[in-house]
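Two complexes are shown next, each including subunit A; its partner changes from subunit B in the first to subunit C in the second.
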Partner chain A sequence: MADASLGLWTVPLAVFGGAIRVSTPFLFVSLGECITERSGRINLGLEGTLVMGAMSAYGISYLSGSPWLGVLAAGITGALFGALHAGICSLPRVNDIAVGIALMLLGTGLAFFLGKPLIEPTAARLPAIDFGWWSDVPQVRAALRINVLFLIGVAIAPLLYWAFKTTRWGLLIRTAGESADAARAMGHSVLLIRLRATMVGGFLAGIGGSFLSLFYPGSWNEGLSSGQGITAVALVIFARWDPMLCLWASLAFGGAAALGPALQSVGITSGYHLFNAAPYILTLAIMIITCSPKRTLTGAPAELSITR
Partner chain B sequence: MDFGRISRRHLLQGSAALALGSTLGVRGAAAAETTVGFIYVGSRDDYGYNQAHAQGAAALKKLPGIKVVEEEKVPETDAVEKTIESMINLDGATLLFPTSFGYYNPHVLKMAAKFPKLRFEHCGGLWTDKDPKNAGSYFGYIDEAQYISGIVAGYSTKSGKLGFVAAKPIPQVLRNINAFTLGARLANPKATTQVIFTGDWSMPVKEAEATNSLIDQGVDVLTCHVDGPKTMVENAARRGAMVCGYHVNQSPLAPKAYLTGAEWNWEALYPKFVKMIVAGEAIPNFYRGGLKEEIVKVSPYGEMVSAEARKAADDVKAKFMSGDYTIFKGPIADNKGKTVIASGTDRGQQDPELEKMDYLVEGVIGATA
Partner chain C sequence: MTTEAAESVEAAGVAPAADPGFLQRYGASIEYILIPGAALVGALGVFGGFIALYGKNPLDLYFYMYYGAFGTWFSWQNTLTRAAPLILTALCTALPAQLGMVIIGGEGALLIGALAATSAALALQGAAPIVVQIAMVIAGMIGGGLWITLSGGLRQYRGVNETISSLLLVYIALAVLNHLVEGPMRDPASLNKPSTREIGAANMIGTIPGTDVHWGLVFGLVAAVAAYILIYHTTFGFAARVAGGNIRAAKIVGLSVGKLILTVCFLAGSSAGLAGMIEVAAVQGRTNANLAAGYGFTGILVAFLARQNPLAIIPVAILLGGISASGGLLQRRLGLPDASVLVLQGIIFVFVLASDALYGRIGFLKGKS
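Moving on, here comes the complex of A and B:
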């Protein structure tokens, strides 16, 4: 235990630590949604996928004793939810936003139902890698106990950026998202592309959920997500469908979530509700700054139901 | 026993109110047992507030002739009125336990006025003479148990810094923070309690962040007042800090870090209530009690608690049990330096002034707004 306190330095450190700890679910969900939306569909159900992922990861980890198996189970659950969304949306005249909302409610409800017996038991957690070995300040060491999933998420962002730009698959997804007709003319099935994109998106969102229940905060309960999935979906718009911007936006949201408690811990106690609202104020501010009535959102896939 | 007869009459009345005459025959036959309804604001196995009540409900289920119906995750809105009405009209409940603080005014009061023959026992409300006679409010002076936790925490801390993860600055929460701090300062006059409000009863990510921030500040013993202490307990234990639990015994979650904790003892109180009703005794509308009345209890000490701390805590506990100990004994100053309880004034546990608490005592770092 630390006897020395860092005083006001705790705040930047907590925001930094929070950026790493809290951002991972945002990162996975937003990257997943980025893929889905780039293919021309919005999956609002990722909140439900996130909660289902958290629950199934915790359950499988508890039953099998292996947290990594839990992560895999969360991914598969997420992919199945993605397949369900894509499957329903491939029927004619189905609105993807409405289906997404339905799946969000289904996912959370199902997770609460199946997760009832999982609230009390303690499951095996994901290990953390200690990157703070060089420091003898315990606070820094604690902030640098980083989970592999975070690193994977950070690695996926540039990979995705590169894949969208230069690979055949990236091009196909973008084509389906920009112009379904063009994709069809090239002889590709738009529905199949979107099915795969939504499944991959669900897979990532499920893994984001496993981080919540198996690493931080690190247990299954019904208040676990408290809207992080839906925030992450909004993040994608905020990040202009750019995976790298998704990464920065997720880090900013993670850091902002740590701001309220950190300020209180150094004695800045007035207006903590306001600081707790920091992430949302940030969203509004950036939305207003980057919006213009003269043009549509830059980077928005043309096939999205919100831009069409 | 005429309890069955009373409940049948209630059933008939409730049914008539909804003009569901056709089902009366069925209901009459089912009225041989008494149905008790429990309403929880959150999940009933949250390792916390709601679980404590559900354990009390489980104790009732073991009594003969008692049927328990439960509904969880009922928000503190009109929704609770609908739940109460359906428990009365569909399940035939004659005794209701709406267990969340915010249910009382206006929802429980409204329902008590509408069903004057049924009994409503609300947890945490402040029953006054103006309220319906068939409504009652009960609560435990869990600050006594928090005071004991504070003494143990004061002896156990090495940095002299304690942490408190709290939901909202309402009187009950502030009273716990203050009692914990006063207890800790009895053991270590220099001890401080740093409080962080998360803003709501169940915010796992915020609670985890608050826990980490407190530990980063050098806090080495933490406790909390949120609905589910599991997040705080597990995260603090992972960082190597010690914890005092709340609501129920969380020592299975962190056996090495768990010092002690303030627990509810509803499994003792609820069967007592039902037996009082069966025996025809009136439950006082304003029912309060602490360690002595077995409404709250203290978790068994963890292995890290020193012999000195155990002795000091047990001594105070014995005084609570004999009923001659006052936590809020003047002079007490708040953390802005203002005297809130004058010298010579003893605010005993029953003092209604304490249920309006809006200050943090000296030694607490934090603010109520």
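Moving on, here comes the complex of A and C:
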């Protein structure tokens, strides 16, 4: 239904709308991972958490009729997966990256298993706020139909930035991430701090998953997430563990991911699959540009195994 | 092993008394079998409980799993057919692990290897089958090899984390495959399932005489043994293990770590690429989205369960090949979703990693200190 008068303007407009729509899962996962990594651990399993979140949100929303209960269920599922990750990582000589890979496989497997009966039914979706009421152009209105979760995510980013900087909790998490010994010397349990940080991280990632199944694309199927979780984990690295940079990076990613469907809507379909790979190529490109073999990244928590 | 082991062993009265040094010598090796074995049993127990919650009888589950994996000659053949690509994709994780690298992109190398092998076969239509087959092996290995070398090179020269880059490359490989089979390489006759043209029946690698198991199994066995010899019985493998143990020491003694990383990553990728070639030349006969069957991801689990040892990969791959072979039977007889195999694999993976904490801590294998 491309409006002829808009012509090629449809593409940037769809990319803009997509940046807002598609970026939400990236935003939630990257903010969650940001908290976890600041505490000195990396959770690669958020891909599995995202899919589990999407499935449980859809299931609970279908059973209860309330999408917000679904979002809550997704968050709780995510927090449980976070607790599992942190629990296994607390054992001596267990590698957090490997545990992440295991939970990635377990999460997707479990979601496909439990979600099998959910492919058919339709669950109640999350509502959107219509910010485009002033416009007559349908594409503009479509681009400005914004979900509340996106706004919540946008609000969490500066809140987290502030919390890391000024609150006691932020300081504790950063201490655990910079020097576990220092945190121990202050009389705090590093394992407990990391457990909480990973659970909060999982909670946010689960909510990111609920957005996938309850708003956009807005259904449950096994191809729902294809690497958004892992892309968001990579995104934290080049956002330098800064929640505000996570926000901008997520928006850029959402725009890149919306490129394929946007071009398809104006009839350019030849490279559809290649354009769909744009977020992964972008991630890789940014990592190549920003990483360096000689020094550790500025802002990297010193305890993080991925940068040591 | 501590020197006190022998006395404590006698005190505990567990080991063969005739040879008090037995546990001292073999305690570590016993651990490598006992602990993953216990992890496996624990995972099966949890999975049984999960299935019981789902309203099925766990004993039926175990029976059908055994029956579907190893119960009959038919199921054995099914199991071995699935084990072949698993051995090769597991090597894709196990070889870089010697250098301390965690590569999880075997699925991507498998897809690129399949595409390269198919391209070679389509380009050589009309040549003698043996020429086509050799070209497919070479193309598949080079394609997969370069794909993982990319991750290794990025790690070495740009400091990009290889775990994340190799996984991102899986999604990129999948996009490239989908693009090619729906676009430039599409066989116009493939309507419902976009695919490339077929490589031709004459060019298929066929089955081992007397069985339905294709020759890919032999490829896998040879590759695993070769990898074992390379790692444990050559200077190159020794250098790789030194670099994996302590990268600074390796640099001080003058090892060229960059070259090691690139070579090992190439070998790792070429092994997964060979798995892709086998899936094309022995099973599918063409390239399409069916190739992304998850062998690359299960291979990661195989490598970790085998503790990155190429020889141990062989029995572990057969075991996990058996689990996936029994998936069909579980679906038909117990009405379980096809994802139940994935759930079990995930649980096994979690148990295996958690069991890492047990090494050197089992009383009767270690002795009091």
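Assume the second predicted complex is superposed on the first by the 292 of 308 C-alpha atoms of A that agree within 3 Å, B and C clash if a C-alpha of one lies under 4 Å from a C-alpha of the other, contacts with A are read in each partner's own complex, and residues count from 1 in each chain.
Keep this in mind: contacts are C-beta pairs under 8 Å (C-beta built on N, C-alpha and C of every residue); 3 or more make two chains touch, one makes a residue touch a chain.
Here the structure is a predicted model, which means the values were calculated and not measured.
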| item | value |
| --- | --- |
| Touching partner for A:K116 - first (subunit B), second (subunit C), both, neither | both |
| Which superposed partner A:S270 touches (first subunit B, second subunit C, both, neither) | both |
| First (subunit B), second (subunit C), both or neither touched by A:S226 | both |
| Touched partner set for A:T10, first subunit B, second subunit C, both or neither | first |
| Touching partner for A:A142 - first (subunit B), second (subunit C), both, neither | first |
| Subunit B versus subunit C as contact partner of A:A257, first or second or both or neither | first |
| Partner chain in contact with A:G107 - subunit B first, subunit C second, else both or neither | second |
| Subunit B versus subunit C as contact partner of A:G18, first or second or both or neither | first |
| Overlap of subunit C and subunit B interfaces on subunit A (superposed complexes) | 112, 116, 226, 270, 272-273, 276 |
| Touching residues (chain side subunit A, partner subunit C) in the complex | 44, 48, 84, 88, 91-95, 97-99, 101-103, 105-110, 112-113, 116, 226-227, 230-231, 233-234, 237, 270-274, 276-277, 280-281, 283-284, 287-288, 291-294, 306 |
| Complex contact set, residues of subunit C against subunit A | 102, 104, 154, 156-161, 163-165, 167-172, 174-176, 178-179, 182-183, 297, 300-301, 304, 337-347, 349-350, 352-354, 356-357, 359 |
| List of subunit B residues in touch with subunit A within their complex | 42-43, 45-47, 73, 158-159, 161, 194-199, 202-210, 212-218, 220, 228, 230-231, 234-235, 238-241, 252-253, 365-367, 369 |
| In the complex, subunit A residues that touch subunit B | 1-6, 10, 13-14, 17-18, 21-22, 112, 116, 119-120, 122, 139, 142-143, 216-219, 221-224, 226, 228, 257-258, 260-262, 264-267, 269-270, 272-273, 276 |
